[in-house]
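In structure tokens below, several structures.
What follows is chain A paired twice: with chain B in the first complex and chain C in the second.
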Partner chain A sequence: MDDARISRRGLSPKLWLAGGWLLVALLAAIFAPLVAPQDPLAQDLMLERLPPFWLDGAEPGYWLGTDSLGRDLLSRLIFGGRIAFIVAFAAATSACLLGSALGLIAGYFGGWADRIISRIVDVWMAFPPVLFAILLVAVLGTGLSSVILAIAIIDWTRFCRVIRAEAMSQARMDYVESARIAGYGRIGIMLREVLPNVLPSVVALLSLEMGIAVIVEAILSFVNLSISTDDPTWGSIIAEGRLSIHQAWWVLVFPLITLILTVLSFSQFGEALKARFDPVLR
Partner chain B sequence: MEPCLDIRSLSAVLPNGQRVLRSVSLSVQPGEVRALVGESGAGKTMIGKAVLGVLPKSVRIVEGEMLIEGEDLGRLGEKARRNLIGARTALIPQDPLTALNPSRRIGPQMTDRLVRILRWSGERADKRIRQLLDEVQIRDPERVLKSYPHELSGGMRQRVLIAAAFAAEPRLIVADEPTTALDVTVQKQILRLIAQLQRDHGTAILFVTHDLGVVAKISQKVSVLYAGKVVEEADTAQLFAAPQHAYTRALIAATPRYTDPYASLKPVDEAVLAGLAAEIAAADQSWRPGHG
Partner chain C sequence: MLLQRFLVRLLTMLVTLFGVAIVVFVVIRVAPGDPIAMMLPPGASDDDIARLRALYGLDRTIVQQFFIWLGGVLHGDFGTSISLRQDVLGLVFNRLPATLELASFALLMAIAIGVPMAILGARKRGTAVEAGIDIASGATLSIPDFLWGLVLILLFGVLVPVFDISGRVSPELDLPFVTQFYLVESILRLRFDLTWDLLKHMLMPAVALALPLAAIIAQLLKQSLKEVLDLDYVVLARVKGFSETQVILREALKNAALPTLTLVGVQFTFLIGGTVIVERLFSYEGLGNMAIDAVINRDLPLIQGIVLVFALLFVLINLAVDMMYALLNPRLRHG
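Moving on, here comes the complex of A and B:
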């Protein structure tokens, strides 16, 4: 728990690194048309499979090289970040709102509400998530909104289970009893006394879920089930890179590194935030 | 005079039918401190929770009445009952470590109840809280009001809770072993504070404890509880001078004495416990559930 203590004094190195990478990636994605050195969709067969800048045969302006159609890899990664971040924020936030609300109700009210919600969660979690996602997108049709919807529909259970457990232990606390004696209503107690105490966990989970959403989106576009247009996504770049691994390894490696860094950063960022949000040193 | 709290023949059962309260009757007059003493599991805390309407869901009241200033809680609707309890009673809890919300500052936690439930103005509530903090001898109210609970010591937190309990001028306070979780030196100060505020405000207190030393210091009346049954009830002075029930005598004898630290502890005698078991069996035999 040393990390927690350090991070309360200031920003821990972990938070700096994770936050820094996310900020850079996010800004690049937002300002993609200004930042990207090339048009991500422009093909030029004369420039196919250019290596990254430090290898022989690299062209200036194509920093990370090009793919088998001569498209600039760095520009494609930057534009692919747009999809990744949109999905991360929208899907994780929806899953968080739905799951946390149900978890709070189940954990605090208990009884029938808890029984019903917990059984639904059990059934939900019996499905393998990635298969479930592929199935959902197949049914909903491809496209950005169905990817977001699919992730939210599948992953709300993560929030629900954790928040339910925390709300349950909160509901037994003396200050909750005191609030009942004072005459607060049940909903009021849930929002005023219980919610603030589960919030650090919600924040940590939310950040973690953003990382998971990025992965799921990559998996879906890897199997060509994400967005149907030609817009580059990290998953589709990886899928293309896989085919030319022997001729141009960089097309596979750079998107993988980007993906891993982003997902790791989200989870580390969440942990660090949780430690800062929690008023009690544990 | 109408009692502040009047419990008449209260019985409660667990889902398996076992009685946890056995026709308990006790009353607390306005401005009086009644101690409720008994060993762990005797149902002391249960009585406090019953009065405040926060019994666990598994415990069901099957007979008896509880009246707060003449108003029968059983006859009121849920909402009216909550309002009555909220306006006229307060709790001083056992464990100051879990009785304050760790993620909210002390100030809002204390004033909130006055403003939101009792509809005081923010200014009035704030003034009132500062006055109470002064009464519980907190020297730097500014710092305390801005603190989170974990930034205060156990004794300080208990002071805050006592101030909060007295803030809305309740008629009745249930003090549920308020000194048990504190170390001995702090216990004494806290006890003195409660007694002081009780006298100043004229509040009736139902003081739940297992400590006969505390009973002697703070209360005017005592009810001795065993297995959910009141086995003896008396003025405090009288109880110590001439205990009537064998169990009470055994309890008093079992209290360790600081004047003779090397004396071995006396457990309650087997014969006394056997007598109690018989007494309770007899009471259960003649008891008919279901008219509550």
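Moving on, here comes the complex of A and C:
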């Protein structure tokens, strides 16, 4: 594969761009109060639907224009990044820990543990993920922790399926057998020998999952089921932009570009990591 | 052999559906709020509540409650929608055809885009054309249907407004339909003016759903084609003087299609799952759009019905794909 060839030579330009974007977006989100040019919640009906800076009628200080309530779009995107990255890291890590643990147990121990865990995965795969997420948030109540919990509850199967298959093939390898002969316990072998070998896949999936979590959060806040406060999120800005699309296209365009760049960057990282660590591709 | 495989899969499917029922039951019961209080008008007396509680078996243990609920579901009793005050099953069946038409149309589009891309890529393997297809499909794949929907709304709803980006059919049209399968019925009734209007509404959401799947088909089928193209019998066909395109279409395609077919089946369920948000985005009056309304209105009986129907659909598709794979795979057929 092309990515494998590139990754052997070091970071490809694509990865530099992806990493650069994520770094900029993350730093902007962390230092949002310092970076954002305006208060993201400040409404000013005198400033409603200002276009971005290069168009006639733009106001200095409102670089990407304003929405129908006169709120600064750039500042809202920067503050919205906070929720996006918190959800990305927290939800993806939770899903990863739960799914990898179950996948490792199912793949390495096999037998009943595998049968039960695999059945649960089958059941989970029968739910449409977005509907499942919306249902869970409706039941758990809106809020940041509900969103994170819902994504973790739904997406652990992504890790479980891959790690189970990897652990299964690792368990058949000679080194596991020799560790057993050397007198290591089963759990010891699983954690000390098998786990490090499946770790690269875990890390690659984790990066992909962060992109997915950002999207799910955006979808939830698009249908107004994410965090219930007035805090801006990328999804709620998109919902606003979808409504005023014929009057102020920029309210939809900029959050959309932000989301696409973020998702592409996370998936580029995931793919590159997969290619870098995959022994077959390498 | 085939029958045995079918029976095993059928059993697995029933176990999965039983698991789905448990999960739905638990999730709905965890929900804050008394289900009885939601059914009764405000101001109902304690006696009424107690009577209804007994009627629905809510005074029994949770396991008994589950089997009472499951018995109702198996008899088609999904309860009454709180927000719409109608039978849930009727509401779901009323909306399901719209979603099925959209999903099927999207699947056809994914195949119509993905297969030619795969053939082109395999035919021009090792050239810039193949590299271009790889890059395009890689990027297409990474962007989910929700974002594609927004991109399409901007491009074809605002920038060049040629397609409808809202609704299933123009509201001013007089519809003669007796079923909810509008698209199918308009074709059968030879009302192509209506077919055209329906397609104009369906095209954008369908493309949004189709693009990621089209990219997957392009990548996987191209890979399988490239592998098959080096096999002896394909080389023989080439020696016989067939052109490369003929070789691909007549010899390679049918042998390379099997892995893609299996994957498309699984991906089709993901595509159906995607209709939930894409329908919302395009105000398309399908099941998914109704599901989101149901959640916003906290209409738990309706949500429960929709989730169960989606799950049944997913499991049935997986069963169908598995059977199709068994029928088409010669090793399993004679095995």
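In this text, the second predicted complex is superposed on the first by the 270 of 282 C-alpha atoms of A that agree within 3 Å, B and C clash if a C-alpha of one lies under 4 Å from a C-alpha of the other, contacts with A are read in each partner's own complex, and residues count from 1 in each chain.
By definition in this document, a contact is a pair of C-beta atoms (placed from the backbone, for glycine too) under 8 Å apart; a residue touches a chain by one contact, two chains touch by 3 or more.
Since the structure is predicted, the reported quantities are computational estimates derived from the model, not experimental observations.
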item: First (chain B), second (chain C), both or neither touched by A:F53; value: neither
item: Partner chain(s) touched by A:F89 [first = chain B, second = chain C, both, neither]; value: neither
item: Touched chain A residues, chain B compared with chain C; value: C
item: Partner chain(s) touched by A:R180 [first = chain B, second = chain C, both, neither]; value: first
item: Which of chain B and chain C A:P196 touches, first, second, both or neither; value: first
item: Chain A contact footprint on chain C (complex, rising order); value: 12, 15-17, 19-20, 23, 27-28, 30-32, 131, 134, 138-139, 142-144, 146-147, 150-151, 153-154, 157-158, 269, 272-274, 276-277, 280-281, 288, 291-292, 295-296, 298, 303, 306-307, 310-311, 314-315
item: Residues of chain A touching chain C in the complex; value: 2, 119-120, 122-123, 125-132, 134-139, 141, 211-212, 215, 218-219, 222-225, 238, 242, 245-246, 249, 252-253, 256, 259-260, 263-264, 267-268, 271
item: Touching residues on chain B, where the partner in the complex is chain A; value: 52-54, 57, 82-83, 85-87, 89-91, 93-95, 98-104, 109, 112-113, 116-117, 148, 150
item: Complex interface listing, chain A residues touching chain B; value: 111, 173-175, 177-178, 180-184, 192-193, 196-197, 199, 279-281
